[in-house]
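A short worksheet on the structure shown next.
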Amino acid sequence: MKHVRTQMQVQADDFFFSGLHLRGNTSNPLGSRVTPVFATQFPRLNTLGISMVRIDYAPCGLNPPHTHPRATEILTVIEGTLQVGFVTSNPDNRFITKVLQKGDVFVFPVGLVHFQRNVGNGYAVAIAALSSQNPGAITIANAVFGANPPIPGDILAKAFQVDKSVVDMIQAKF
Amino acid sequence: MKHVRTQMQVQADDFFFSGLHLRGNTSNPLGSRVTPVFATQFPRLNTLGISMVRIDYAPCGLNPPHTHPRATEILTVIEGTLQVGFVTSNPDNRFITKVLQKGDVFVFPVGLVHFQRNVGNGYAVAIAALSSQNPGAITIANAVFGANPPIPGDILAKAFQVDKSVVDMIQAKF
Amino acid sequence: MKHVRTQMQVQADDFFFSGLHLRGNTSNPLGSRVTPVFATQFPRLNTLGISMVRIDYAPCGLNPPHTHPRATEILTVIEGTLQVGFVTSNPDNRFITKVLQKGDVFVFPVGLVHFQRNVGNGYAVAIAALSSQNPGAITIANAVFGANPPIPGDILAKAFQVDKSVVDMIQAKF
Amino acid sequence: MKHVRTQMQVQADDFFFSGLHLRGNTSNPLGSRVTPVFATQFPRLNTLGISMVRIDYAPCGLNPPHTHPRATEILTVIEGTLQVGFVTSNPDNRFITKVLQKGDVFVFPVGLVHFQRNVGNGYAVAIAALSSQNPGAITIANAVFGANPPIPGDILAKAFQVDKSVVDMIQAKF
Amino acid sequence: MKHVRTQMQVQADDFFFSGLHLRGNTSNPLGSRVTPVFATQFPRLNTLGISMVRIDYAPCGLNPPHTHPRATEILTVIEGTLQVGFVTSNPDNRFITKVLQKGDVFVFPVGLVHFQRNVGNGYAVAIAALSSQNPGAITIANAVFGANPPIPGDILAKAFQVDKSVVDMIQAKF
Amino acid sequence: MKHVRTQMQVQADDFFFSGLHLRGNTSNPLGSRVTPVFATQFPRLNTLGISMVRIDYAPCGLNPPHTHPRATEILTVIEGTLQVGFVTSNPDNRFITKVLQKGDVFVFPVGLVHFQRNVGNGYAVAIAALSSQNPGAITIANAVFGANPPIPGDILAKAFQVDKSVVDMIQAKF
């Protein structure tokens, strides 16, 4: 991690980050990879209220349902074809979805559950920006079924209206 | 819904809302009920950046995992015993939990997945406040498995690492 | 006072505060007691933009005219009957007042002079939330007549349009 | 009041206000006069987060204890000699005061009770700016003893620890 | 321009904008073209605090010195090689510059004068995001020498320490 | 520079700054002088969101085109006659100008290029306030032609549509 220098010492490198040309490793069950450029990776973003990510998608790859607790996201497709979607908040829970081609732009309002998946024939790449230098990310499946220690299974069974055995099975995957 | 009057016409009733003494109807599968006092119900809250809720819990009742996309929540137990919990964001997904007695206070930072459940012998009641007049609420199970129209089952199967038949079964409940 | 830990070390207790079930000591001339849960008492509230108080009122007890310089307040009556009021700013200085019963909610916009008094037959209790973790409180009588060192008496005599002897008399009480 | 035009129609006059060279009429019991340039008088200030006032003080004139519920104030003395002061919030209620000469600058943090009085031999003038286009002003004596309708006298008697007859006397002046 | 619908009527198309795959027309004296996706073009961005642009650069093309009065900008190079630079504010006016390759990221803090130019052999493309839905853009040369009506020439001659004939010559170009 | 003390130690002098009665030295090519009262000079302004300046103008003096990257400015003329102006952002670049007399007020929205010049017969003085304790200032000519190290001349030649020799000549002045 780079360090933040005082104003008298700032150098061009402080405002610089490299690596978004590199394809992220999508050899994982989801077939996607997010490369974040947040204040953690790029400390000069602190107080500036913006950050960026590259997202890679293997064929059929999924950036699974997640939220950013402190940022709106604007995304553009650099390569490939993506289905994107988000769900509005209670009580409507409307599913809003769209297939995006290269050059299309989509905005995911702060805190809403959203995803992207590759519905084209090849790899896909998106660049997205977020309205915070520290937007956070909560992958719903991981937070709910993969928390450490686990959320008690009876809570999840009740919330998802399934037998606890189903919850146990899902938790075992995470 | 009340209407907002101009500054010259404001009356005491504009700043007033009643009904938080009433036990919410918890005769539902979750055994809980949230009574919101947001700007939708109480228009004078607009621009004031705060709102309130009463939450009722039948024995074993659960206010299931949810997020508020635009607010931090501070909660105090008025009656009964609650287990509360939230999960930190990626990559740690730490489950932070505590059993609260009457008079205990807990804070859920903006956007994090959190829940409360009644772990006492009788009814439980909490009063909570939120740092927005329009905090929103996203019940995770409903947004993910109960969206309208549904999120495609293969997306959820991949995200939750289960067979699509499991997703179909859960979606059928919502 | 608790200490704030780094994000890697957070524990459930950091998000927890206890004691709002305890009746505040109202054996004082005003017959009221505010128990604050601000960032001073509960450091985790820092940056979260919200806080809470319990207010106890003996019969006839008064939470005297005061302001919060950095927060709007939303209050609900847990027990008893309260007359609440605030005064709009210059030039109208309209007095807006309402008698609240258990379960009623009232909002006091940021910075306005407001009070509550117990107009029921027994004790009264309110829970209120404020739109800042550090709302501040300025009790008007104390700030004006009880400042340390005192505000010169001739200033107050002119401001309140009374003989300086009246000011001297009031200042002597604080 | 001027009207706000659309962006395509803005004219220089929209960004312009005149009159701060005029001495305010100080022929009143307090011997002071505030000439505000807030969004009410100068609509273009809306959303811009700043406003200005001229304050005139006759010899011995007082701008009495007041608060701005939505702004910090920075003041400079253009002419004359002013004693300025403010009181810190609970529990300390420290009185912070200073005598200012021409060219001195003082800052009154948001929401605190503050005043200025002319302690020189002639007239005095100050220019101040506020960190909101709509800062509001609450003159403590007017809000407390001059509200319309009046705050019940027994409330004020208890708050100020005086006989109700003293309150009646003060209220009669406003 | 699309219209903003009420919350009940939102459709996927409201959150969607297309066209960033299209090369901007760089047949102009500067050899560059900015394609904005601001709230003017994409109304759903209102209140969301973020926006995006595509910038095309012909060989030797220049996105000339400009500022965004209401936003920080984060930029990544999609194709080609760019020299980027900005100048710190008074009194240092330090010129901070860097040559960026594909995949490099650079951040321009709010309000600072900055530029990019193509220093590679072919075309270049950048995607940038801004921390406001309405960031504004002020091209320095246009605002100073191309204002309508013109800024008086003697003002600019004095500011830039040149003969008025030089100003006249520059103004004639705009 | 003064130091900021903890809240328990604050003294009146912490809230105090002196010197705005002193005429700034205008013996320089521009014939103007800005005396800032920003957080750098007056640390108590930190977090308070406001600051102040005095500006002196010799006859024909110019406060040259500049921007404040983080603040709107409101200005009033204390003495003399000023022409003020600003330019709206792209694409209109409208020049908005007005001649101000003593007591006139003008507002320059955040980030826009603006100037003032003395068009009266004698000296002129203005007091202005800014909506940030750390507004910054960017003198356009200095940032563009006087940066250190210099911005490459061919960039400026292209941006201003002049021969590089003209740029060289201007840069040599700074």
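For this structure, a couple of remarks:
Chains here go by letter, A, B, C, D, E and F, matching the order in which they are written, and residues are numbered from 1 within each.
The working rule: contacts are C-beta pairs under 8 Å (C-beta built on N, C-alpha and C of every residue); 3 or more make two chains touch, one makes a residue touch a chain.
As the structure is a computational prediction, the values presented were derived from the model and not from experiment.
Ranked by distance of CA centroids from subunit B, the top chain is F.
Where the sister copies subunit C and subunit D meet, the same residue numbers recur on both sides for over half of the interface positions.
Distance between chain centres (mean CA atoms), subunit A to subunit E: 28 Å.
Taking the mean of the C-alpha atoms as each chain's centre, subunit D and subunit E sit 43 Å apart.
Contact of a single residue of subunit C with at least two other chains is seen at positions 92, 94, 109-110. Judged by the touch criterion defined above, the protein chains form a single closed ring in which each chain touches exactly two others. All the chains close into one ring, and from subunit B toward subunit C their sequence is B, C, D, F, E, A. Interface residues of subunit E, counted against subunit F in their complex, comprise 29-30, 62, 64-65, 67-70, 85, 87, 89-90, 92-95, 109-113, 115, 117, 136-151, 155-156, 158-162, 166, 169-170, 173-174.
By the touch criterion given at the top, residues 7-8, 10-13, 15-22, 37, 42, 44-45, 48-52, 54, 72-74, 76-78, 86, 88, 92, 94, 96-98, 100-110, 127, 129-131 of subunit E touch subunit A in their complex.
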